[in-house]
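Pasting a structure below so you can have a look.
The chains carry the letters A, B and C, assigned in the order they are written, with residues numbered from 1 in each.
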Amino acid sequence: MTEPAGTTYTLGDLVARFGGELVGDPTLEIRQVATLERATRGDIAFLANPKYRSQLKATRASAVILEASARADTELPRIVCDHAYLYFARVSTLLNPVLPAMPGVHASAVVDPSARIAESASIGALSCIGRNVTIGPRTRIDEGCAIGDGVRIGADARLYPGVVVYHDCVLGDRVILHSGAVVGADGFGLANDGGRWLKIPQIGRAILGNDVEVGANTTIDRGAMDDTVIEEGVKLDNQIQVAHNVRIGAHTAVAGCVGIAGSTRIGKHCTIGGAAMIIGHLDIADHVNISVATLITKSIDQPGTYTSAMPFAEHRAWLKQAVQLRHLDQWAHRIEQLEKRINELERNQP
Amino acid sequence: MTEPAGTTYTLGDLVARFGGELVGDPTLEIRQVATLERATRGDIAFLANPKYRSQLKATRASAVILEASARADTELPRIVCDHAYLYFARVSTLLNPVLPAMPGVHASAVVDPSARIAESASIGALSCIGRNVTIGPRTRIDEGCAIGDGVRIGADARLYPGVVVYHDCVLGDRVILHSGAVVGADGFGLANDGGRWLKIPQIGRAILGNDVEVGANTTIDRGAMDDTVIEEGVKLDNQIQVAHNVRIGAHTAVAGCVGIAGSTRIGKHCTIGGAAMIIGHLDIADHVNISVATLITKSIDQPGTYTSAMPFAEHRAWLKQAVQLRHLDQWAHRIEQLEKRINELERNQP
Amino acid sequence: MTEPAGTTYTLGDLVARFGGELVGDPTLEIRQVATLERATRGDIAFLANPKYRSQLKATRASAVILEASARADTELPRIVCDHAYLYFARVSTLLNPVLPAMPGVHASAVVDPSARIAESASIGALSCIGRNVTIGPRTRIDEGCAIGDGVRIGADARLYPGVVVYHDCVLGDRVILHSGAVVGADGFGLANDGGRWLKIPQIGRAILGNDVEVGANTTIDRGAMDDTVIEEGVKLDNQIQVAHNVRIGAHTAVAGCVGIAGSTRIGKHCTIGGAAMIIGHLDIADHVNISVATLITKSIDQPGTYTSAMPFAEHRAWLKQAVQLRHLDQWAHRIEQLEKRINELERNQP
């Protein structure tokens, strides 16, 4: 868990570490990051979105991170840099270090004797660790997790309370799994047998690369025969469903409530907006951006932004519009007829 | 948990408590509520939706709650009132009281010695309570919950099995969290650092007011810097995602599968239909109703009902319609051309 | 859990069990199933989708399952059958048997003395079993599950780690519940009481028939007064929400991220695509197929396929289309006007 920050840094320290130009007193001490609106003495705030420029005048922050275009907009001590949001992220990471857990296995945890757990790892209360599990250095498994037989987890990983990892799955270094995440459950593999569904054994695994983060209550199914693969640096928000045999390319970010159906491959460096839905067996190229609530029904081989969302309206206006939607086909016909008739009229003109 | 009702009440008791006009024997005993269709002897049913009026004739209920418009539609003993559904809700609450749990901490729970737990509170088997947690009187934490360091929970709250609350979050009095709910996980805060994602520490909290109910497997993220706030009386159904820094106003109800993206503020007394999706950084006024499966992409400053759902159709009809959707822009052009040409023809008319 | 296969079978064994025509050596030994692409020596692959026919030439599988139309497309030993996917499913089930768990109750489980647990059943570490629970023969409850008072579970069921079943619910034989599934939480029953929400006790149960499978993090609410019923053979994928009083007919399959609102009844042998949303109080006939991401707002009384999904487009194309959607009503008017004017012109033609 992120613990309250303790150490302070001077503005001079920050610029020495992260670059940028300092305007103001290098000995000024910074304790924490804050929004322009809520910052108080000892806080450093940031301006990345011009929409919040008006808050710059009123802020009580001790210092501000901003870009060159805004350098003259405040008298406060400030760090002028190229990417204020990224700079802020680095400062916040410095001020809010992840504290190491106490190494060791809690007395109430149930750990199979065949598990190989690094001495510096931490296994929380009431967690279960199965047969032949491997857990790397400094990895922290919180309370009430269940790690199935044969699972391998790298170094410096963090599993929050209540995570479940099914047997034989593999998690890389620095992986973060939030509470309620389920990795490696059976995919939805069924064959129709005269009206009844025959379950197909799901014998693949789920493999998560280094630096993958998985949000709360997100589910990643194991492969049917091959593996489900989440490549390094992928970030998944909460409430996402990743079906069997999906592959998500490195450094792709997926917002909450997204569903990705079976065997679809998503490229690297993509972004997928909240509640987007991608059907199965597609190939999505690298550097594709999918908009919020968009349904993707075909493969995409070009980078770009893709959208299908329906604009909302006040309900009565929407009702009129929705009625017309049902008549689009008739309309097409009526427009064609009009064109023919007008052609005729024009031809007959005196 | 709601236990089977034991105590019975007479119709006279009910009218004495909740008002309404009694038509029939005040000494008639009522044991339970039921639907008109399934009620048997000892049950009181209700008619709130005129659609079910036909069931009134056939019901085997001992008595019925209804409104004045339906008073003559049955010979059964009946309570005539203004809002039959609300009256029924009160009667059901009376007949199905929530029974208190046995106070005390189960021997298998893992409780940090610094936690302050009211004597009348109940901590279930195999739950974990972190450092400096405060738990109020009569609050009940069920089996297998994990409560992070510094969490404060009010009086008369109920956490069902398997709930996780991350460190430093605050839950008010009478809060109900259903199984699988996760409160206070990290928000999806990332800065792009040359193609890789840098995680931004999430140092705010999640704050739930009094009388908030949270459905099964719903997730409410902690704030990035400020807090995520769910005001008093808000009701969240299952499978909902509430992102970081969201504020939901008092007495708003949100149906299942909804997603609310970061920093959006929703007013008081709103209703949000199932699977609606609201993007980030918006302001939604009080008394706004958002329809099922609607995508909200702009702030709304007027009360009213807002909709974006696409009407469904038989698949072949839909295919025709979907094709036309792609040509809307051409059509607009063709209609304009037709108008110009007809203007010309009319001008040239003899 | 599905364990690595150990036993091998000859092609002759397979055909003797499952029928089909064998072309090739009946003594050839098969160890495992695999995709055409990844198969190696000892594997049997299958061709069910003509799209993958090109992989047939290159596969390193020892044998292939295929249909008559593809019998001449390979020289490999092969089983020719009517439904290659179903045949493959049977072979995979044979090669990947579900191994029985060690019977007995783990020492760390917390089991109420009134629970009746079959001797051949297995209760995993750190699970809680409530009062008067009944658990049938060979049923396996994994680590960290919570089974509420009065729950009845049949024979040969499997509950993966972290499943919660609320009090008094009923699970049939061979039911499978994946991790994070929550069965029997309160439905979203609220009455508006002058702007505040009054919770309505949820006194029904959730009943799951034989052979029901429930995916990870899926939620099935208990009934408000009557029961929520999932009939035999229903398969639910991950992240699904089934609200109170829903009934899902036998052998219906529901893909991930679907929401089904309260009191809706769905027929038998239906399929519901991922992220579809079905509003409350509807009746859906047997043999209905609902497409991915479709919103169903009215009852459906005819078998068939129903769709409402909005086609996606490159973002700039979509913007043009979305603007026009708002003007559909004006357009209808303009087309009508054009028709009137052209009628007039035609009438006046010399």
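Following the convention adopted for this analysis, a contact is a pair of C-beta atoms (placed from the backbone, for glycine too) under 8 Å apart; a residue touches a chain by one contact, two chains touch by 3 or more.
These figures come from a predicted structure and were not determined experimentally.
A.B. asks: How would you label the subunit B and subunit C contact, same or different, if same means the shared numbers make up over half of all numbers there?
C.D. replies: At the contact between subunit B and subunit C, which are copies of one sequence, the residues are largely different (under half shared).
A.B. asks: Just send me the rotation angle from a CA overlay of subunit A on subunit C, rounded to the nearest 5 degrees.
C.D. replies: Value: 120 degrees, nearest 5.
A.B. asks: Could you tell me the distance, in whole angstrom, between the mean C-alpha positions of subunit B and subunit C?
C.D. replies: 25
A.B. asks: Which subunit B residues touch at least two other chains?
C.D. replies: Subunit B, residues with two or more chain partners: 108, 126, 144, 162, 180, 217, 239, 257, 309-311, 313, 325, 331, 335, 338, 342, 345, 350.
A.B. asks: Would you mind writing out the residues of subunit C in touch with subunit A in their complex?
C.D. replies: 1-2, 4-5, 32-35, 37-38, 83, 85-86, 88-90, 92-93, 95-96, 106, 108, 124-126, 142-144, 160-162, 176, 178-180, 211, 213, 215-217, 233, 235, 237-239, 251, 253, 255-257, 269, 274-275, 292-293, 309-315, 318-319, 322, 325-326, 328-329, 331-332, 335, 338-339, 342, 345-346, 349-350
A.B. asks: Over in the complex, which subunit C residues touch subunit B? Could you list them?
C.D. replies: 108, 110, 126, 128, 144, 146, 148-149, 162, 164, 166-167, 180, 182, 185-186, 188, 190-193, 195-203, 217, 219, 221, 225-226, 239, 241, 243, 257, 259, 261, 277, 279, 291, 294-297, 304-311, 313, 317, 320-321, 324-325, 327, 331, 334-335, 338, 341-342, 345, 348, 350
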